[in-house]
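Structures are listed in the sections that come next.
In the two assemblies presented below, subunit A is common to both, partnered first by subunit B and then by subunit C.
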Partner chain A sequence: MTTTPTTSPEAATPPPGSGPAAETTDKKVPRGHRRLLTRRDRLTLGLMAGLPTILHVALVWVTALASIALAFATWDGIGFDSIKWVGLQNFRELFTINPQFWPAVQHNIIWFAALILIPTPLGLFLAVQLDKQIRFSRVYQTAFFLPVVVSMAVIGFVWQLVYNPDTGLINSLIGANQPGHYIDWIGDPDLNLWAILIAASWRHAGYMMILYLAGLKSVDPSLREASALDGANEWQTFKSVIFPTLRPTNTVVLVVTIIEALRAFDLVFVFNKGAEGTELLSILVTNNIIGESSRIGYGSAIAVVLLVISLAVIIPYLIATFRKERQA
Partner chain B sequence: MSTLADTTAATGAPKTRTPLRPARILLHLFLAGAALAWLAPLLWALYAALRPYGETSDKGYVSWPDKLNFDNFTNAFTQSDMTHYFVNTLIVAVPAVLLTLFLSSMVAFYVSRFDFRVNLFLLLVFTAGNLLPQQVIITPLYRLYLLIDIPGITMSGKLYDSALGLVLIHVAFQSGFCAFVLSNYMRSLPHELTEAALVDGASVWRLYWQIVLPLCKPAMAALATLLSIWIYNDFFWALVLISTGENMPITSALNNLSGQYFTDPNLVAAGALLTAIPTLIVYFALQRQFVSGLTLGANKG
Partner chain C sequence: MHLTPSGLSIPGPSRRTMLRGIGGAAALGAGVPLLSACGGGSGSAADPKTVSLGSNASDAVPKKAFAEIYAAFKKQSGITVDVNTKDHNTFQEQINSYLQGTPDDVFHWFAGYRMQFFAAKGLATEIDEVWDKIGGNFPEAMKGLSKGEDGKYYFVPLYTYPWALFYRKSVFAEKGYEVPTTWDELVALCKQMEKDKLVPIAFGDKDAWPALGTFDQINFRTNGYDFHVELMAGKASWTDAKVRKVFDLWAELLPYHQEGAVGRTWQDAAQTLVSKKAGMYLLGTFVGQQFTNQADLDDLDFFAFPEIDPAYGQDTVEAPTDGFMMSKAPKNKAGAVELLEFLGTPEAEQIYLKADPNVVAASTKADTSSYSPLQKKAFEMISGAKSLTQFMDRDSRPDFTSTVMQPALQKFVRDPKGVDNLLSSIERQKKTIFAS
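What follows is the complex of A and B.
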């Protein structure tokens, strides 16, 4: 992703003959080398693009389409002849009867809102501080980056040591590990989602910081100088000069955060397997496979909900991105 | 790709240091405090892991240590047969990283160096596929893996519960991201470079293998770092597509360990930290590649 399209080398130094001007003015000569290709070259190229495409499409897109198909069927998974087409029944059941579905949707929304409201501004704030060319900047950066490097599953185990009702850090510190005044961070349905979200935010802030740091590095230094000459203070400079130039980064951050919120799974699974209070769409789908009840059509219907929301974000974003790149 | 060059140049450049002013000292105090607080959960896990279980159960977890040692680490390592699971992870991660880079660089070469009509669409398909949540495709994938018989290669005789199955899904999924990044990178290489070689009669394969690929080394290095960390850290695919405990990679094996030893949090803490060590080593050794990779891949969820 071009987080900083303004400084892309293609835009800065267009290779002569392949710039947009050449493309539009002389349509007879193809931009690429198509006219020079032998038949063998074409075959090689076909294979080079074809084989990876077949693998990707078969395992990702065909299965996504199969999810859509199965959402309109019931199937116990044993033999193809037990597939029965039931129309919209799975969805009807999902929206009206399933007691876990709407809480899961709600939790996914909370997840997104929490990530965008707390760790994202925090990441931006840290990035701005670290961008001030200070000593030990690398050391601080590393400390904030570290959770991004570690597996979500491992993060789940580490935070359990913090939240454990009997032996955990928090309860031990505040004396809530005695019988009688027990705070069950993992088991209490009013608390557990927030407890997990703190762990998720801990990781997300580091990730956002990296993205914003990259964005800040591409801000033209002369903008800052001009702003300083005009007598703007640090906050004014940030608000009216720096932040507006971070627009491309902000778009990326928004898309990344929505997708993270839809993908959220590992942490919750390690914590309490998505039991009461922490249901998520991803967890409901997975429980249909690794749980005892294998209701394939039903699980697929949830997957389709997830697919539709994801595509509603992914497609406009990619179209906008690719259009911008074509113009560059 | 632009940001790669930007970040490495910016972090590598000598910094002009301003003299210490009170505001600076305050900033340092804040950052040092915040960094320490940030590491607190990991440090807490380390502290717990260094203490024997008996001591913590007598004195409580928040207490001064009588003795600190690595017994929990050695126990976690030997009792849970971690070497075995590390090897399982390697068997999946090494081929998956290499294959992903190989396949996605070919796609990137195709879409960035030639102007076929399908290029943009092809790239969209790859990139969008990588952004989907894994759960969208898991149910049919799971069924598909159970259907495909590959006798002799895997213990299960199927794609399900095999390292091969994991490699394939990692490659299929991650190649979307890599194809996108590499195609951007390749597009920034001058066109005459390959045009001249083509006029001289070089084959397309030679163009790719001897001219374009060597020039992509920086991007490939960044992607390789990122991919190894992502694939090593994978929890979900292995959780669903592997059923035998023996075949599990390290992260899902840790899940089993914690179920088995849930009464001894210190041991679980040691196991979790041991699991994280390889990623930390990769990160510290290749920090610059990792960070530049992440900003290359800002669209990655």
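What follows is the complex of A and C.
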């Protein structure tokens, strides 16, 4: 924000005397000393920058590109002779005859919509309440944030104890584990996605709360004072003064939620391995690639679809961010 | 079509190990696959007195039982077995890269298509010379199971366990039920159990594989062993009227299965049999593991799935078989041959069965005197069988069964209507998978 001087004419000209002075001192110094780095320094720097670069290129770029290449092949993972190039066949199969693909895309979208509609406003609400310095606010904060600390896989195990249709908490309490009136929270495709989304929301609300709390802390108190002086009530203050100042936070929240929706995997995998009703793209990728005679080409094709969706979301965001920076 | 290795020679393996790494870590929380992919073999290269062995027997009971076999082998031959044990599921997920890397001389594996697949890929050594010695110990059905598609032997079976309908003797005695031998009797028994406020057939398909077993039973009883094999090999069509008949029969029986199966694990379903809330349960003999109380276990009994078509009777038994194979380039081949010959003897099987009573010996020569009544019955059932099947995911391509059949059967179990759409969807997917 305060970097504008570089373009101003004053800053472009060096402070009087300093430029030529530096040049003259430079000339006086013997040539060998001009290099500030010894051979060892350069080696260290080279290793420090080079190794991560090699690792990054090998593990991120090469694998990603290989994945894209393999999406146009069939391969069982045994020897390179068995790679057969099949063009767009994997994608054709995926879009037409795979009964799980479209449900998976749909569930990823539902996942995003649900996260943005339920836990995000809830997190904002909690953050606004906790920002009021009410008593025991730290206790509440900790309680709501606790699920975020726990790994998704563990959350999956915990919620299974709640949802287990035979011995779980809910069905035991309401007696829905008897033949005749039986609620199958995990197996029924009309229920299981929502059951999992409640578990995911439980965690996501705490996450959003912390992000919004941080945003609220940076709201200038004088704005509140001003709106109070103008006679605005609490809701008006929030709607017209506080919420607009949270705009940068909202962007972060949106990006985080999109990422959460696209990478959703662990909770579902633990819950019911993406059975009917809970298929997700990430799970289809795993199911096709992991195993003894894998369909690596086919799994890669699904991964490429996931990649394209991710890029479609990330690129506009990056463009907007860079544009903003350039304008600033 | 062969491809030029340029460009793919580097990304290939690194990508695969990466993915396996990610998958292993994600699925099991264990980030060790890179290590295990190159584990074993090291150090034992030049030592003729050591054979390395890759084991998936990571559970306590089988691990100890196998250790006792290897100790007995050392006593007899002076050769040490260097065991490299991996988590059971991890072993399975990584078998591909494991066998292509530097595998152990001998490794644990399953009979059937899964064995033939790796044999055909040249990742195993044929062991006809072993079978020259041990052939007499095994019945014909077991010999068939140990051969690759080329007719050569690649596998030494150790133990097996049948699938059947399990029940509690006390429940049948108390209610005066009789063991059904025909389809109509089975349906009638289910109706009676329902009247008696029992769940006729316990069922849990959360892990997606138990339903494969139900399909297998109805299919080979209805259409016979040969059709079953053709169907599993991708040759017969899933839209065939014969397959449709299987699903129609299954749909007739489904209302008597435990409600909400897709949300229940087989362990939970077994508990309803333990607690006498369910009358029957179709599973492998490992269901006995859930009977922790000895009195309950003594009360457990089973019968073969009833006859559907008299032409086939009850002559096929589903009996998954586990055993050993030799990797493609063993460092100590002579030692590996000796070990496999030992593993094919009745003595080795007896040592194993003493420690793990939930399975039975693959050999007909093993001493059955220490068997429990349940084991004896299982043994008789298998040795009397005309044909043995493995299990759908062992008899067919695992990629087909896991990505197509498991979700398809879960769908059917939850909603048995719309079979025709389901079957044509299976057939379309099957064609592309088997063509690749």
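We take it that the second predicted complex is superposed on the first by the 266 of 328 C-alpha atoms of A that agree within 3 Å, B and C clash if a C-alpha of one lies under 4 Å from a C-alpha of the other, contacts with A are read in each partner's own complex, and residues count from 1 in each chain.
The rule we apply is simple: contacts are C-beta pairs under 8 Å (C-beta built on N, C-alpha and C of every residue); 3 or more make two chains touch, one makes a residue touch a chain.
These numbers were taken from a predicted model, which means no experiment stands behind them.
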### Query
Touching A:Asp230 in the superposition: subunit B (first), subunit C (second), both, neither?
neither
### Task
Applying the touch criterion given at the start, work out whether A:Thr167 contacts subunit B, subunit C, both or neither, answering first, second, both or neither.
both
### Query
Given the touch rule stated above, what does A:Thr142 touch, subunit B (first), subunit C (second), both, or neither?
first
### Message
Quick check on the superposed pair: does A:Leu37 touch subunit B, subunit C, both, or neither? Answer first, second, both or neither.
### Response
first
### Task
Classify the contacts of A:Asn288 with the two partner chains as first (subunit B alone), second (subunit C alone), both, or neither.
both
### Query
Of subunit B and subunit C, which one touches more residues of subunit A?
B
### Query
Now for A:Ile78: first (subunit B), second (subunit C), both, or neither, which partner does it touch?
second
### Message
By the touch definition at the top of the document, which applies to A:Gln133: first (subunit B), second (subunit C), both, or neither?
### Response
first
### Task
Please work out whether A:Asp220 is in contact with subunit B alone, subunit C alone, both, or neither, and reply first, second, both or neither.
neither
### Message
After overlaying the two complexes on chain A, where does the subunit B footprint on subunit A coincide with the subunit C footprint?
### Response
58-59, 62-63, 66-67, 70, 77, 153, 164, 167, 265-266, 269, 286, 288-290, 296
#### Entry: Of subunit A, residues touching subunit C in the complex
58-59, 62-63, 65-67, 69-70, 74, 76-81, 83-86, 89, 93, 97-100, 153, 164-167, 179, 182-189, 192, 265-266, 269, 272-273, 275-276, 286-297
### Message
Applying the document's contact rule, which stretches of subunit B touch subunit A when the two form their complex?
### Response
1-3, 5-7, 10-11, 15-18, 24, 27-28, 30-32, 34-36, 38-39, 41-42, 44-45, 48, 56, 60-62, 103-104, 106-107, 109-111, 113-116, 120, 122-129, 131-144, 168-169, 171-173, 175-176, 179-180, 184, 187-188, 190-192, 194-195, 198-199, 203-205, 208, 229, 232-236, 239-240, 251-252, 254-255, 258, 265, 268-269, 271-273, 275-276, 279-280, 283, 287, 290-291, 294-301
#### Entry: subunit B-touching residues of subunit A, taken from the complex the two chains share
1-5, 7-10, 15, 17-18, 30-34, 36-38, 40-41, 44-45, 48-49, 51-53, 55-64, 66-67, 70, 77, 126, 129-130, 132-140, 142-154, 157-162, 164, 167-169, 172-173, 199, 202, 206-207, 210-211, 213-214, 217-218, 249, 252, 255-256, 259-260, 262-263, 265-266, 269-270, 281-282, 285-286, 288-290, 296, 299-300, 303-304, 306-307, 310-311, 314-315, 317-318, 321-322, 325-326
### Task
Please give the residue numbers of subunit C that touch subunit A in the complex, ascending.
1-3, 5, 7-12, 14-16, 18-20, 23-24, 26-27, 29, 92-93, 95-97, 100, 114, 117, 121, 123, 199, 205-208, 258-264, 268, 397-399, 402-403, 407-408, 410-411, 414, 425, 428-429, 432-433, 436
